[in-house]
Structure formats: C-alpha cells, structure tokens
Amino acid sequence: MTTVASPIDRSAQSADALCAVGAEFHRRGWSLGTSSNYSLVTSRTPFRLLITASGMDKSSLTRADFVTLDEHGQQIDNHDDRAKPSAEAMLHVATARRPGVGAVLHTHSVWATTLSDLYHADGALFIEGYEMLKGLNGIKTHDHRERLEIIDNTQDIRTLAQKLTRRFDANDPALTYGFLLHKHGLYAWGRDLAEARRHIEIFEFLFEVIGRTLMLKGARTR
Amino acid sequence: MTTVASPIDRSAQSADALCAVGAEFHRRGWSLGTSSNYSLVTSRTPFRLLITASGMDKSSLTRADFVTLDEHGQQIDNHDDRAKPSAEAMLHVATARRPGVGAVLHTHSVWATTLSDLYHADGALFIEGYEMLKGLNGIKTHDHRERLEIIDNTQDIRTLAQKLTRRFDANDPALTYGFLLHKHGLYAWGRDLAEARRHIEIFEFLFEVIGRTLMLKGARTR
Amino acid sequence: MTTVASPIDRSAQSADALCAVGAEFHRRGWSLGTSSNYSLVTSRTPFRLLITASGMDKSSLTRADFVTLDEHGQQIDNHDDRAKPSAEAMLHVATARRPGVGAVLHTHSVWATTLSDLYHADGALFIEGYEMLKGLNGIKTHDHRERLEIIDNTQDIRTLAQKLTRRFDANDPALTYGFLLHKHGLYAWGRDLAEARRHIEIFEFLFEVIGRTLMLKGARTR
Amino acid sequence: MTTVASPIDRSAQSADALCAVGAEFHRRGWSLGTSSNYSLVTSRTPFRLLITASGMDKSSLTRADFVTLDEHGQQIDNHDDRAKPSAEAMLHVATARRPGVGAVLHTHSVWATTLSDLYHADGALFIEGYEMLKGLNGIKTHDHRERLEIIDNTQDIRTLAQKLTRRFDANDPALTYGFLLHKHGLYAWGRDLAEARRHIEIFEFLFEVIGRTLMLKGARTR
C-alpha cells in the first residue's frame, strides 16, 4: 500500500524543500537582499504552483512565506495581507506550465549579473566544450555548445511572460534549461527541484569558469 | 493584551541581535580585525543608541560589549573600564538621530575598501541599471542610478559628524542609504536592523559586481 | 589481540569516509552538479575498489551510492538498478591497481578547469618554487618543479584507461601525483584517503596561486 | 583567592586554543595541506613554547599534535615517535623569545603567497593609508605606511633563525608585526593568541585589498 500525501502535506513539504534551497542559495551568495524566487508545481491538474512571496529574505524562509498560484498566476490560497506574489511570479507560471517542468529557480549571483552585462550585445552567452555541461539533463558529451539567451531586463513582466509563453509553445530550442536577464540574474528549471537546483549549480560553476578564463586569457596574451 | 518589553529586556534583545550580525558579518569578511561598529536605536524619546564598544572582535560579541549613548554621544550606561564607545560612534549618533533611521551598520569589506580607493577622485561611486538596486527601500525599478558618496577618511571624527549632521538636516539626497569612507569602509542604515542589514548586503553584492565587471571589460576589449 | 574488521564493516567505513569527503568537497566548490568520483581500495588480494556510483549529488552521499569493482572494472557487489559505475570508473581502476595507491579522488574545480584550458597548448601545467609543494608526498624542498600533465578530454574512457595503464606500468614520472583533463578537472591519488585528500587540497591551492599571480603580473607590468 | 592553573592544565588549554585556530584557519584557506605552525609561550621562566608538531593536518588538530620546546628549540616533553617539531619551529622560538611576544602564527594563504612573489624584487610589501591598519597594536591612524619585509625562502632554517635573532636583538623596526617568506607565507605575532590571530586576519584582509586594487587599477587605466 502506498501512502498518498494530502495536498496540504504536499504543499508543506514543498515549502520546506524551498526553504532549504533559500538558506543554501543565500549562503552561496546567489539570493541576497530580497532577490530570487523559487517555485514548485504541486499539482498538474488543476495546475498549482507554490512560489515564494514577494520581498522575503531568502536566508530565513518559513512556510508562511509562500503563495499558491493557478495557471493564470492568480493567487488561490487563503492569503493574508503579508504574503503576495511578486510581479516576476508570472515568469515562473509561464515556465512551469510547460510539460516536463516541475520546478523553477531564479537567482541573482555576481557572476550571472556580470556576464549578462558583458555579453549583452551578443544576445547570448555561449558555453562550449566543458565536461560540466554533462550535468545538464540530456547532454551526453562535453563536445557540446550551449546557448544561454540574455533577455533585456524590464519591469513589464506580463509582456515578457507572454513572449516567453509563445516561445515555449513553439518549443524554442534556445530555452531548454534557462535564460539570463540583463544585469538581473538567471532563470533555470528542471523536472523536479533536485534537477533545477543542479542546473543552477552547473550554470553558476560555468559562469565563474568563463569569467576567470576571460581574465586569464587577457593576462596571458598581454 | 500586548506584552511591553522593559527597557532592560529591549536593550538585551537588541544586543543579542547585533551579536548575531557580528558573527555573520565576520564570517562574510566584512568585519575583520577590530573593525566595524553596529548600532540600534532602543528609544526615540529620550534618544538612546545601543552601540558596539571600541575595539571588540566582532566574531564573538557578548552583551557586555555594548554601550548606550544619548543624542550628544555621551555614554549613559553604568559603564566599567572595559566598554567605551569608539570615536566613530559619533557618526552613528549623527545618522541615527535622523527621523526614520532605526539601525546603522558600518562594515569594512575588501570590495568596499577597494572601490572607495578606485573611484576616490570621482568623489562617488555610481551604481546604475541593476535589478538588485530594487532591494534598497523605495527603489521600484532597475532603471535607476544610485550615487554613493566617497568621503575622505579622517581621525577627526567629531568634525566629520558635524558636517554629516548639517547635510542630514538639509535632507541631502546623496545620503539616502549610506556612504563610503576612503580606504576605510561602508556606512549604511535602515528603518530597522533587518533593513540596514539588507542594505549592507545589497551594496556589498553590487560592489563585487562592479569590480568584476570592470576587470572583465578590460579583459574583453584588450 | 587486534580486532580485524570484516569486509562488510570495512566497506561501510570506507563509504562513510568518502561521504564525508563528498560533503566537504561540494562545500568547497570542487564537486558540483553530478561531477567527481571518489574511490578507495578496500582489498588488494583480490583487488576490490569501492567507488561512487554514476550521477550522484556529492553533497549528500549515502552508503547506497557506491559500487564495488574488481581489477577489470566489473561491478561485483549485489547491485540494484540504481547504483551503476560511471564510465570514468575505469580511470580509477587503472590508477588504483598501481602499487602504493590506496585512494583516487577526481574533482572539478573552477581553477582546475580554467588552468587546464589556459595551458592546454603546452600539454602541462608547471608548478615551481612554492613551499606548499612540500605537502606532496616525497618532496623535501620548495626548490622543485612539478609537471602536471594536461590530457585531452574524451568520452572514450576505455581507451584513455588503457593508455594510462601502459604509462603507469612503465612508471612514467609525469604521473606521480595526478593529472588534469582538459576543461574537465583533476585526478589525484595517495597511499590512503588522507594523503589523496591532501594532494587535492595542495593542487587546488597552487592552482589559485598560479591563476591570481598570472593576473597580477599582467596588471603590474602594464 | 586566585586559582592558579597547573602547568599541565595550562598546556592543555593552550593546545585547545591552538586547535581552534587551526580549524578556523583551515576553513579560511590559510593553513591547507600540512602547511602552517602555531605556537604559544606557556612559561617565560623557564622559557617554554608549545608548538604544533611537524606535518599535522590543521583542520583536525588534537592535544597529541603538539610539542614543547625550550629556548634553544630542544624538545623537552616526553615525546613519542610521532610528534616531532618541524624545522621551522626554530623561527617560532627566535620570535617568541622576544619580550612582549606571547604567540606566533605562521600561515600559507593564496594572497600572501601571490604578493610575496609579486613584490619579491622590492624586498618588501608596503601597506599605506588603510583604516584597517589601526587594528595592528599601537597604530593610531590610517595615515601610516607599514613595511612588511619579504625574506627569501630557504630550507636552511637554522641560519635564517640566527639572522632573525640578531635583528630582533637589535630591535629592527622592520620586524614589528610579522614578515613574509617568498612563495611561502606569513609570520605574524602578538602579545597573546588573540592579538596574533587579529594581526593575521588584518594582514590577510589587506593582502586581498592590495591584490584586487592592483588588478582594478590596471583595468581602469587601460
């Protein structure tokens, strides 16, 4: 006999898992200030997304710091005045509605912010030939070139979410694992929270490698 | 019925909160040696400021490592020989007397010290276009340019405190969130300790982004 | 009377020791994503190598996340479907079969990845004149030049393992402590786990020194 | 009535304090591999110096990992085969015999190693104008220039110890707080362990500031 968790248990467990991610990502410098949002699909039919509320300190999240949204981004929990979704929640909804996406993590690291600016004119950051790429789900060889798009930052999140939805619906291959927002941060996702966290970790590692390599190649050929 | 904390309880709780900030900031490399001071307004009328005593190791503060000052910076607690305010306490008093300031944090990080020197001739560090700026209280868009003043370092703290007081009284917009002292460190404040800590965290993040971006742009255009 | 640990106890203790290495190396940024493998010789006759299974998160290894291989790299434990050796396990077997090798650690750090690319055309990284080199077993003076080979990365691990075996059998002096794989990471080993861990730690320290020195020498002579 | 600690208690307490320093300095990256030695004067008359034994992992020191030396560097404890003083212990003895020195700490950090090489031709590293300098005992203003000598590394420690002793006896002002060994590391000391640890922490902070400033000034003027 399998024990089936009730929706309430499931939501509480999901919140606890995201609290742990928050404490870890804050410690690693990826979720400082009130930056970052994390979300988990807790039900597919009907669509339910548990997501961090707006403006929370990610180093000390509690179960009260989350809201539940439907497929239109409407808050459907019995909410009090304190916990509201942030505007960026719509980007999580747009992403998590895709088949095969179970968790979406948004982070603001030093290296992501820096590289999103340095390669902004190119429209994308290219990551090529690293063994670490094999940690992204489905990549089987280091002999791979990953294109991570850099999207202009905006406060008009609704329009951006609509654009992303159209591209997701068209299965745009540029949006397989994540994207960068210019001078803002990284969005990455996965089938479940463990995979989304791993994808964040891998991109952060590769950002630092690319940043340091660029500085050293400058130093060496000078 | 609301339980009202006694002034002694309030002071002890405030000291405990600042001890925790000290342990965290030392770990993050922002309060090494005997550097840094932290203060909290424990009463507005009469004005009472709880502040770290001079020369304490911030990694292991205890309740005995604080003094209480009045609005003139005079020590009003029953002090022993050990705990004395540092000269810089006057900068905390001058800042905390402002309406709306509940906590003042002063830190000495590598990046703050480095950028305060690099941009010293400009008189200020400009931070522009970063999403992380929205973590500063009142900033609603990344499309913002924050001017963080760089003030010459001095051992004549009394004179500097008087200058700051005049500028605070005139509501100088350059002194909204904090300032840098040249080759010395950062002062930042907030309505309460959580906001002051968040402002420090956000500035430190942005300092590192600016530093690394500058190095990388040099590397890229070489 | 000496208490002899049973093979099962020995294997469990070895797994616990490698779990601790995983937690530490993940925290230090050397084993992110699903990267890295760690192995320990648990028996010399017959040859038995305990090694991390493929694709595990190194921050939270458990005893179930290991497999045992024989001298041909064949899995000899009662394995379930979940724990399989990774392709790279053959490099561990080839290395650990050498006399005097008791533990092999493979890590993917930012500095190892970066320097493996920067010095790829040279075929090796040279480390010379550092006191820290004396932490490598057998080096008695800082006046030493260590050559750490950089081998092309490949997904054909079996062929690479055969090449390494031939070089080990010929006692190639270039393969005394470890080697780098291009844009991939570091292999290092030792008589026992403590020595292998120390060798990793020393190489990682020296990589960072070399990287920063190179950047600073560029800055200074500009 | 004052409780006087017995010599054995004193030695055990001193060892415990140095074990804690080792765990902290390893975590901060200043005592990796088998590098570093720490010593404390446990008696002035007769002179007794407790010091880490040769080759110990500083992340997990125990009371058994120390030896006691007399003013000639002779081991005077009932030693077993395992715990022997390292050759460099003579530098600790030479330093600790000076009046006013109660603790000597030797560390190997990335920044100390890097700057000791970068400024080797100058014979010294100059540190000027930083507020953090005031954490060094006796410095009252940031308007100070500290000269930290860079001494050639050698395996002939006995000769180096003799040279240092002559300079200490002559009260050489260049040896007030510490010195660097080329491509090797930092020696610093203080009246007691807390002061020596603080001096190490302050130098390490300033090394990083100097290193990053040098890189950024290069980037800015390019």
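So that you can tell them apart, the chains are marked A, B, C and D in the order they are listed, and the count of residues begins at 1 in each.
Keep this in mind: a residue touches a chain if its C-beta (ideal position, glycine included) is under 8 Å from a C-beta of that chain, and two chains touch if they have at least 3 such contacts.
Here the structure is a predicted model, which means the values were calculated and not measured.
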Discussion item. So, comparing C-alpha centroids, which chain is the farthest one from chain B?
Written reply: C
Worksheet item: Does the chain B and chain D pair touch with the same residues on each side or with different residues, judged by whether over half of the numbers are shared?
Response: different
Practice prompt. Please work out the Cα centroid separation of chain B and chain C, and write it as a whole number of Å.
Written response: 45
Fill in: Approximate Å spacing (C-alpha centroids) for the pair chain A, chain C
32
Worksheet item: Which parts of chain B, given as residue numbers and ranges, touch two or more other chains?
Response: 215, 217-219, 222
Practice prompt. Using the contact definition from the top, classify how the chains connect: line, ring, star, complete or other.
Written response: ring
Worksheet item: Can you name every chain pair that touches?
Response: A-B, A-C, B-D, C-D
Worksheet item: Can you list the chain C residues touching chain D in their complex?
Response: 129-132, 134-135, 140-143, 194, 198, 201-202, 204-205, 208-209, 212-213, 215-220, 222
Worksheet item: Residues of chain B touching chain D in their complex?
Response: 29, 32-35, 57, 108, 110-111, 113-115, 117-118, 153, 155, 181, 183-185, 211, 214-215, 217-219, 221-222
